[in-house]
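First chain A sits with chain B, and in the next complex the same chain sits with chain C.
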Partner chain A sequence: MTDHLDGNVLAGALSEVFTTDVTAARARCGGCGRMSAIAEAMVYTSAPGLVARCAGCDQVLATIVDAGDRLILSLAGLSAIELRR
Partner chain B sequence: MSFATRGFSGRRREADTRLPPGQTLVQDWPVLSAGPTPQVDTADWELTLQDETGADHRWSWDELLALGVEDITVDIHCVTHWTRLDMAWRGVSLDKLFEDVESEHEFVMAHSYGGYTSNLPLEDLLDGKAWIATEADGAPLTPEHGGPARLLVPHLYFWKSAKWIRGLTMMPDNDAGFWEQYGYHLYGDPWKEERYW
Partner chain C sequence: MSAPPLTSVGRSRPRPAWHVATVVETRRETPTAARLTLEVPTWPGSEAGSHVDVRLTAPDGYQASRSYSIVSSTPEAQVVLAVDEQPDGEVSPFLVHEMRPGDQLELHGPLGAFFVWRPGESDRPVQLVAGGSGVVPLYAMAAAHGTADDDAPFRLLYSVRTPADVFFADELAALTGPAFSLDLVYTREAPDGWPDAVGRLTRETLAARTLPAARQPRVYVCGSTGFVETVARWLQELGHPATAIHTERFGGL
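Our next item is the complex of A and B:
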């Protein structure tokens, strides 16, 4: 059984925060330093929130919690995101 | 006629009073997971309890079971809005683990194989309120449900009942665990709907 999806499932929630499609953006994992598109992350959706993990080292890159009238976003596991103009 | 209707509504009322606000009854047991499922053999499993003296209290699988496994029937409330009533568990009371532990600290961080954490006040783990659970629904806990052993703290939302438990660390402050850092409530009382910050 596949217990996770790829980072494209983050597109909807992240579109509430960013003006561009961030799933296509590259980002650096704060754990292992791997550079990859957000869409390549492993996203666990059967959880109290969305949990995106690095495909290289499993570190939590980002979490999104739907708190009703609020969205609580953490990007604490990323050291940087590259947003193309 | 009124007897029959009173009996039916009486059962309904009983179920409703056991359902915290915003919760829905389920009969199955949904699997929730924030990461890969650790596969831990009981031969390798170990539970560590750390206090501020630096002394570690350790139990192997057999040592844990030797403390005494008890039957527990409790209601489970998940923050994702499902509730299961009268769920049958077996496990070891945390009162037994803390019997010889001297600590001034009032908080505990639960640590899991795989890196998950959750914070709890010590008083919520004592006096018959929490267990290291090894069985549920009449069978050993499967890895998907946190086996070989998970924390069981049924009076708080179920994310506090950390799957794949491997350690309990005493803390002077109520530091946030995994979901508590990312938006969920520091305490998590289902009857007060303490879901988010």
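Our next item is the complex of A and C:
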């Protein structure tokens, strides 16, 4: 029940990809349509990488694998991210 | 016509980067936690509530990294962290027990734009709710509020095991005044003569010792995952809208 963190912990890894901090950005779950801040996703760190799941429906929103000289990011479970200018 | 000034906090926020930090001082914060003062000449400054990723590299090249909240920081000078030891942790036992002045660490930061407090952003009061070492980013917000020209009232409800486990005891006492009030809940042992029951935070105590939803506070909750999820659910039951509740979980029990 309590083996997860939350999307705040993604700030470091995502800062390698995005030019602004996106943990405060709202994103839409591709499964249930819920809009919430990326910081509010449930993040599991026990896999070989980070797995972010929707707090509403448990859908996998994103995975981040740090493979040393490569970073592999999947945002396949998100249908949109709202970035503030 | 001149261009409007760039006041957006988002634009002025320092970009995260890797920094080399040198330990200046390490001291006991509680029986299980240490306060580390680090010298970081390249540090750009940070917002209250933000964190760093600390990376350790073993002699064989194995790397481990964990996130820690920033207690305070000074641009181009110092970063202060308070680290609670996780008994089965990979990084925290090393930081709590093995760091000595002169040792070096790699920091990635400042990180996090969600769980931060910015002076002057809102007139609404602020309620902070801490479980154990989850008080670190909340103390950072209260301390920043104490030095900022910001009139929003602050209140901290701090659930902690025993009096010896209270982080920043002297600093929190010094902040207490018209603009900041502190409510402590002891879960295992209280000082002699403590008037309240000792035990886990309950929904009734949360309701009695926090700003009511009618005052429309912005609420920040930080603690173990179980603590945060319980408190966030109770806050919503007490009428606080989900959008007013900011949460940060550090995992654990």
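Brief remarks follow.
The rule is short, and it goes like this: the second predicted complex is superposed on the first by the 84 of 85 C-alpha atoms of A that agree within 3 Å, B and C clash if a C-alpha of one lies under 4 Å from a C-alpha of the other, contacts with A are read in each partner's own complex, and residues count from 1 in each chain.
As a convention for this text, contacts are C-beta pairs under 8 Å (C-beta built on N, C-alpha and C of every residue); 3 or more make two chains touch, one makes a residue touch a chain.
Model, not experiment: these values are computed from the prediction.
Using the contact criterion defined above for the overlaid structures, shared-chain residue A:Ile81 touches neither chain B nor chain C, since it reaches no partner.
Looking at the shared chain after the overlay, A:Asp3 reaches both chain B and chain C. By the document's definition of touching, of the two partners only chain B reaches A:Ala67; chain C does not. In the superposition on chain A, contact is made by A:Gly12 with chain C only, not with chain B. In the superposition on chain A, contact of A:Cys57 is made with neither chain B nor chain C. In the overlay built on the shared chain, the residue A:Ser46 is in contact with chain B alone; chain C does not reach it. Residue overlap on chain A between the chain B contacts of one complex and the chain C contacts of the other covers 3.
On the chain A side of its complex with chain B, the touching residues are 3, 44, 46-49, 51, 53, 58, 60, 63, 65, 67-68, 70, 72, 74, 76.
Residues 10, 13, 15-16, 51, 53, 65, 67, 108-109, 111-115, 224-226, 229, 246-253 of chain C touch chain A in their complex. Here chain A touches chain C in the complex through residues 1-9, 11-12, 15, 20-21, 23-24, 37-40, 45, 84, going by the rule given at the top. For chain B in complex with chain A, the residues that touch the partner chain are 30-37, 79-80, 159, 179, 181-184, 195-197.
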